[in-house]
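Have a look at this one before I ask anything.
Just so it is clear, A, B, C and D label the chains in written order, and each chain counts residues from 1 on its own.
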Amino acid sequence: MSETWYTQISEVKPNEIRLRGYRIDELMGKVTFSEGIYLALKGELPSPEITRLLDAIFVSSIDHGVTPPSALATRTATSTGAPINAAVAAGILSINDFHGGAIYNCMGVIEEGLQRVKKQDEPVEKVGIEIVQEYLAGKKRMAGFGHRLHTADPRTARLFDLAEDTGIAGIGVALLKALQAGFRQAGKDLPINVDGAIAGILVDLEIPRDLANAFFIIPRVPGLVAQFYEERTTQRPMRYIDPTSSQYNGHENRDLQERSGE
Amino acid sequence: MSETWYTQISEVKPNEIRLRGYRIDELMGKVTFSEGIYLALKGELPSPEITRLLDAIFVSSIDHGVTPPSALATRTATSTGAPINAAVAAGILSINDFHGGAIYNCMGVIEEGLQRVKKQDEPVEKVGIEIVQEYLAGKKRMAGFGHRLHTADPRTARLFDLAEDTGIAGIGVALLKALQAGFRQAGKDLPINVDGAIAGILVDLEIPRDLANAFFIIPRVPGLVAQFYEERTTQRPMRYIDPTSSQYNGHENRDLQERSGE
Amino acid sequence: MSETWYTQISEVKPNEIRLRGYRIDELMGKVTFSEGIYLALKGELPSPEITRLLDAIFVSSIDHGVTPPSALATRTATSTGAPINAAVAAGILSINDFHGGAIYNCMGVIEEGLQRVKKQDEPVEKVGIEIVQEYLAGKKRMAGFGHRLHTADPRTARLFDLAEDTGIAGIGVALLKALQAGFRQAGKDLPINVDGAIAGILVDLEIPRDLANAFFIIPRVPGLVAQFYEERTTQRPMRYIDPTSSQYNGHENRDLQERSGE
Amino acid sequence: MSETWYTQISEVKPNEIRLRGYRIDELMGKVTFSEGIYLALKGELPSPEITRLLDAIFVSSIDHGVTPPSALATRTATSTGAPINAAVAAGILSINDFHGGAIYNCMGVIEEGLQRVKKQDEPVEKVGIEIVQEYLAGKKRMAGFGHRLHTADPRTARLFDLAEDTGIAGIGVALLKALQAGFRQAGKDLPINVDGAIAGILVDLEIPRDLANAFFIIPRVPGLVAQFYEERTTQRPMRYIDPTSSQYNGHENRDLQERSGE
């Protein structure tokens, strides 16, 4: 007979389902999806500040058009008649070191930097410069920096603002900015990309690094669903999908003020 | 040269990303994850009532313990050393007709029923009874009814309450309840499961049926992430995973009131 | 405690592994991979004729260049840094109704046709014409016919020759050819594609239809591995992969005679 | 317009398909599946000796019963109604460091060892002992050694015999055996598992390490297909799959002599 093994996520009994101790039907209607996600992952409900930042992280990564490899893999599978779950899975399998997966690697850089700060009892600014110089000497690419399209990623700036506003920005974000300053001092104006910004914030939220890429995968899944649906309903099967020949013809520019004015 | 093709989801230019016309950095911090998801999928931001119901749908399906096949597939892959995206993908590939996929099939039953209501100009109650009798005569199982564990799924009751409260419950939910009444009249007290309840609400929200299972996949992804993390951090690799020998040893029962009293 | 459940595929004891009753270490070195595959799937070793045809089916479907969606999905995932298993899985998830999956659907057409032949006691030729006329009347596309590139698929002709040579071609292949004749009579010169040819042969080999697409997936996996390896070793990560701008620069044309002349 | 990119695997023109320069319809019926696989991966057809060894490697890894995680993931997905490609993909995603993936890691150990042999100009025996001592000192587990069930894996012995018979066993196999001798000298009688044996042979076949795990994935796919089919046709959906309560009730023990006596 099999040995008993334990779980701390959910307790499921006939007609009673509890997530981390709370009845799921009590949570429904009272907590938002982001609060529920945090509860599932961390075991406790988040503060309003954390919730606000989480929502911003998730909203930042829902979609990035048709050219990211995850969107293209989902569309390629869809184009062959794949059901929704297979199409989304193909997309998720295209989230790795060079796309989405930089969160994990960048958290590694930050966490190692913070250990140096502590061990060497030096300011983050100094450690940031040191690490950058080692990377440059080794001709290594640093995860979380640079983007094939954006020179100043608007998501990064907004995430840092919100992290400051909510008081969550701490030593993780500080070290990330010290790395950027290190690059600038070396004459390289490398932007922090959205993966990097999320990495810095996750360090300050004390999210374990094993969960890093989940903060890209979770929000990108609905984006992949949108890509699946558009491919399935507007394109013919088995077309050749050239990422460079796509064009946007959706809703014209608008802003949220207009909405509240409705 | 490839022909131009079109997308209406996102417009991405250097340093400017727009989702359905809105700047992503304006959305961040102002809309919740659920609102962002609805915007991505439907092209417009939801009303507060829809948002409340969406959050409830998503929270209802985040996790259901270690025994659903999707959780077990994720744990099985994790147990071999899979990275997080592969572990989650294995879980998503286990969401099909018999697990999670009933939303699509149940929407089919409801939509067909509503066409009859219209075509035959008959009340939903009558059509509900008719359809059930056809299923019973054909010995067919109706998607959205029955559960291997719950006789009265607490998520279903809560979803129906919220659908009423928000004024969203309409003819979709009505037809679903007519089907349940049809079963009762035939002497079968079959519960509507959470997939069925979501199906009824999605019909009333005018969500296209091709998106049906997304409303299970999107919320279950964070649950699969939680299963991945627990397996990876608390179990040894390559163990034999017997679903029937697991036990909950997490946080004791608690309710949200306690939280607000903090 | 869990109920005992049964398997007939392999028996595994400490230091003894048996596949369908044979010791695996006895099979090794004595049977070929194709014979082993047939043994695993059907429970018995194949005749030399079946083995020859199986090898031809498998060789026919190993690769078809970089433009099939499965190759592109594998390359897209690879381009993000995916490990080999994830890259191959993304490719397999792009094998569906419109690519590779036609074997299953074409077997359905053939099996239904054969039931008519039996039930109506009519010759295959007549039934073939009947079915085609129904498809044309319903404006339905018939699985197994037509190709986006080939007007006379060289793999189909070769498979039919080998099926004749080995004496395996029977009523399945006959019905398939009757369907083609039906199209010709209706003025449509539609080629049988490789999926169709495999479908006809699988019917004659009495392979269950649930296994149909395995006869494309099994051989295409090594092709996807080749695509993974070439992408990983010759291309930079995160490139835009336009299927229409690829060119072959591999080994020049050669034939097997040259080889034996070595 | 997209830049031209190059491939050396297949050339596909209307009605002409060439794999590594050979017409696919000429290969069909003349080369076996294993020869075709080698051609696709390495660019040349294998010698008869290599073919024999390849067939043995592939046959060795087709199936290992219902308890390997890949089989369980495939069965779990199947149990929810997954189509064959999704069920197989879920299985492949469960092939990682602790299951099947040891080939890659063990090739790493061997290749590093061979570099030392060359650099230090020392015999493999000495280097084998050195490496083992470093692993033991660092309390590291060495990939390719040990098995949760077999103390003397019958597949390993047979592979080594065939590698000797065919004259392919070289410095890769020698170093692997030197490692085993190193463990023995340290008082540990660790068996080389089938992943390890394959790793040693792949080094001698000059297969690039990036392809390592393909030599487990390619043959295991048909095994996963067999698991899919058995689960789908003999078990009810959504059952609890306890790996430890399965039992073999298939064909009784037999050997190949009986077959030739038919």
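Before moving on, here are some points about what is shown:
Please note the rule applied: a residue touches a chain if its C-beta (ideal position, glycine included) is under 8 Å from a C-beta of that chain, and two chains touch if they have at least 3 such contacts.
Quick caveat: nothing in here was measured; it's all calculated off a predicted structure.
Farthest from chain B, judged by the mean position of CA atoms in each chain, is D. Between chain B and chain C, the centres computed from C-alpha atoms are 35 Å apart.
One inter-chain figure worth recording: chain A and chain C are separated by 39 Å, centre to centre, where each centre is the mean of the chain's CA atoms. Shown for chain D are the residues in touch with two or more other chains, namely 1-2, 67, 83, 85-86, 89, 93, 95-96, 101, 240-242, 244-245.
Under the stated contact rule, the graph of chain-to-chain touches is complete, every pair of chains being in contact. Residues of chain A touching chain D in their complex: 1-2, 83, 85-86, 89, 93, 242, 244. Chain C meets chain A in the complex at residues 1-2, 67, 69-70, 72-73, 76-77, 79-83, 86-87, 89-90, 93-101, 148, 237-238, 240-245. The touching residues of chain A, when paired with chain B in their complex, are 1-12, 14-34, 36-37, 40-41, 43, 45, 52, 54-56, 58-60, 62-67, 83-86, 88-89, 92-93, 95-96, 101, 149-155, 157-159, 161-162, 165, 208, 210-211, 213-214, 217-219, 221-223, 225-227, 229-230, 232-235, 239-242, 244-256, 259.
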